[in-house]
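All chains are identified by letter, namely A, B, C and D, in their written order; residue positions are counted from 1 within each chain.
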């Protein structure tokens, strides 16, 4: 931690701060500048707990220097975490592709989607049973009935299944049916839900909040890992900006940054970033080229009838072309699909 | 709803859309332009449920025209909702002031704060027992013990108390102790928690998400009201922007816009917007001048020892000056403190 | 300047940096931490010119500690700059109100506006002769003819006049006619235009760029002042965010922050922030309550025929009520209109 | 154009609007809804000039339906514009790579850079002679002397050269030396400079403003093309968001969107987006994968001594690896370097 003093801070101000630092068993290093002084604080800042120095007289600002996350950081683990979901690995050399409808609307539609997707080689099926909708009047999902359909589809077509949990009270039932449990954008800082996820024995797919910084995203993963669950898949899904042509702006920069900062796998959801199907292919290629370990794509057998996210859902037959494009990009960086 | 067709849409495309609209019992009005056609859809769009037309051939974009919220809207209720909390009213002519520490750290501190605040006329005490912290290693609050202290402080000093609920499982216990229940920024779209709040018989203080649009904010209030709880206080607390001199950017524009759109009371939290004490007074004055029905201010008897939000917490003695300033502004717009 | 080293930086890395610092005649202070070291650099960083240390081996990041602006800063001048425009002062105790149409469309309209505004006490008339329009097909202003009308209106009704300059080549002719010269949002970082403004002998009204940080805003003012022109009026006019209900989001927080950082007067343009007339009054009140030294309001005698910014232009008769409201707020903070 | 009426609009309001529309020779189509009416306006809205209907009684909002740009749009020209700069083509199947230092600091450095870059096949050299710096105290470029060095380097090493123009008064001299003329981020809406660029007979490299929407970006290109210059290269260089780990957030979504909307070539500047060298390679790969027609990379022979943008400048030897990576991605989408 570095404490930067105001230009007009007095020697007494500095003495007070030195005293405060030493009280916590840390060692201050003072550098007196011509205009301003700075005080470096040596020792594990974490021993300070939450104490803040911003409020002391003469302090201009406090600059933390140690990263706030530990368990998810590259410093603690150099090599990539690979997550094995009954033989399907996320975070290894192969690019993982997750696909399926936004919401499970009924059994027939889900089976149709699963059939189509499994027949072109997709191994992980997504589908929402509990849906976080902006409006209370929108379709909220089929709940446990949806989970049953999803499990049945997964079993019938040999696919792993991923679905979202919204409520810590549903954690048990969701874990019973799902292979991967998603925590959505709107719940990225639902800390009790994160803790619940941390106590599960299932991989967690954590989506970035729509205006979360990369640091906050990693801190939310840290919440999960601090409870003992090390199987976390991070998912960039676009951030909120001023642009309105796309639903969100895919923060492609976050992909290599996350790969620098953390050992966890990073996937990309181009569907929610784009909000429209006509650019799904190029941004999917970009995501893989940037180093993403996988993609999560919304696919609906009949998007025109979708109860949710129709405008951004591909038809299953569009997936064939997309997979081919992604495969070529993957090969160009020595990875495979 | 207005469907705007692409320049190259065919007559057949238009026929298909007309058929789709009529299928739902609605009436299309076609306006053929030189370059593009538009189709107006007459009738209650809500009868369409979640059906989207974006996906049909020839459609460029779909523009909704009916506001998505109903219960919280001014259309349904012209006059302002006033919320009476055992004799203290929010949403009436008087400006409400809520003050207190970010977190309840221990009983002594809370009692000291309550004593100081009540002695200068503050009638509503805030204090967090369950704290949503970005880091799992930060102080997470005292939990139920904190609720007990808060109730005790409220009872001793004749104050109403407001505290945050993070988890639907805690809703019962929080409602037992609190007079007003806060749903925080990070949970504005925690829809299960909103529904739980909607079933409570206590006023809800709903904070705007840090990148929520005004429409989304109102839809979250709609979630609560759709469950039957009409006592909702909206709180603007700054939005996330590119600016770094303040913690957030107070969206002052949202105050009069919310007052136009909804009958619910609107208060402002200048502490979280600013993140620093040296501008709390001017932005508090601005909030009241813009029409806010109240303020929520972080106050700590010893900010330099605060376990949370020290840099943005006023000392109790600073509140006296602030109240005086607010009072003068309130009078200038024919309101009182 | 503080240089924060990576956790794995070697002693050799540190030695190299020390050498580099000493080469520029500065003195390094090294603080070795358990995890990371930091190097404080003592002396006027400006003697480093533009040299960056970010690139040296082992450096994690470099934190500047001296503010990059000098002339516009409060450090150099404690009291407020007051700008006298032939007897009308901006930056003093009185709140200045500038009003007028977005663009000068023809002589009659301008005269009508000036007549109406002067008759209710407005002393500064705005009107664009050179218009920066997003579209090349929109009305671009009357140019020099517009300047003539503006001067004529000012002279006839005893008003000071402000108009925008877009092109350094027009600086001379604009200065000939105008009392205050505006540099618009889109030109806040048009550095050659800023320099030209710095060589003029007229007050400059500098509008904040729509996504400029406060620091960048002040650096642009510094450009002007570095050329010798000390008469600069800063104007907050809303920043670009994700919100779409208003044209921009008025950054009310910037008003007190600017007043803390600089001695220059700060005014607010609620019209461009709001983009709609129904919230001009409350956000104007908020601006004055927050400490703004003035307001700039778009007024058009017939907004329904305006060639520019019609939706956000008040009719002159609406100004009477607004002035009264502002006056009451001004009085509440011991200022006057 | 579609005019959406308020719920409480009267028949008289509608009549007034109909009259106003017909006055301009256009035809209104009224669709009466249960809650709200809408009025479609048939005919070329451009015949309305700048008239706005927002201000008329009963109007809730006005939705334009015709795109505001014409010449740069795909509607007018289906195939891609290819720009030939003395045999080097931008916008064709080959990916163009532009590289060089941020600023031309002296002749030796520039020659060293040009030598190194040309020897690995780079055909277009960038270098700033007029620099738009946030601070008036930063290195502002060598001016005409810099242009001379750049031309000399281009001629000696057989490279095309691109450099920025800041001031319409410098347009002549810059055009004399440069093969491509850059208009920078901060000048994207410097409309007089755009018009000057439109009258030049040299290709223009137009960078997106740091918070410009895609629509505004295209409108700025329209300004240039409306003056007769059809050789415009669009450059995405990152937008300003809340994220601070990177200097800007590369808006990868904009690449395919621009390719959908316009026939002009689109290149990407990963250096300014990232602001750090450790992610230049992955985001460059992403840009090419997303369909960019080229890249512009900052390269400096000695970044640690750079007077500008050192932290984001690659060393020339790093370019070899980058070119190889880009080439593989280009091949994967049937393009070449």
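Keep this in mind: a residue touches a chain if its C-beta (ideal position, glycine included) is under 8 Å from a C-beta of that chain, and two chains touch if they have at least 3 such contacts.
These numbers were taken from a predicted model, which means no experiment stands behind them.
Q: Using direct touches as single steps, what is the fewest number of steps from chain A over to chain C?
A: Contact-graph shortest path, chain A to chain C, evaluates to 1.
Q: Could you find the chain whose CA centre sits the greatest distance from that of chain D?
A: Between chain D and every other chain, the largest centroid distance is to B.
Q: How many Å are there between the centre of chain B and the centre of chain D, using C-alpha atoms for each centre?
A: 38
Q: With chain centres taken as the means of their Cα atoms, state the distance from chain A to chain B in Å.
A: 26
Q: What whole-Å value do you get for the distance between chain A and chain D if each is reduced to the mean of its CA atoms?
A: Inter-chain centre distance comes to 31 Å.
Q: Where does chain B touch two or more other chains at once, residue-wise?
A: Residue numbers touching two or more other chains: 211, 240-242, 244.
Q: Could you pull out which chain D residues touch chain C in their complex?
A: Spelled out, the residues of chain D in touch with chain C are 20, 46, 49-52, 54-56, 68-69, 132-139, 166-169, 186-187, 189-192, 195, 210-211, 216, 219, 222-223, 226, 240, 303-308, 310-311, 313.
Q: Flag every residue of chain B that touches chain D in the complex, lowest number first.
A: Touch residues, chain B against chain D: 2, 4, 7, 29-36, 38, 40, 42-44, 60, 63, 65-66, 75, 211, 240-242, 244.
Q: Note which residues of chain A are touching chain D in the complex, please.
A: Residues 211, 213-215, 238-239, 241-246, 249-257, 259-260, 273-274, 278-279, 282-283, 285-291, 325, 328-329, 331-333 of chain A touch chain D in their complex.
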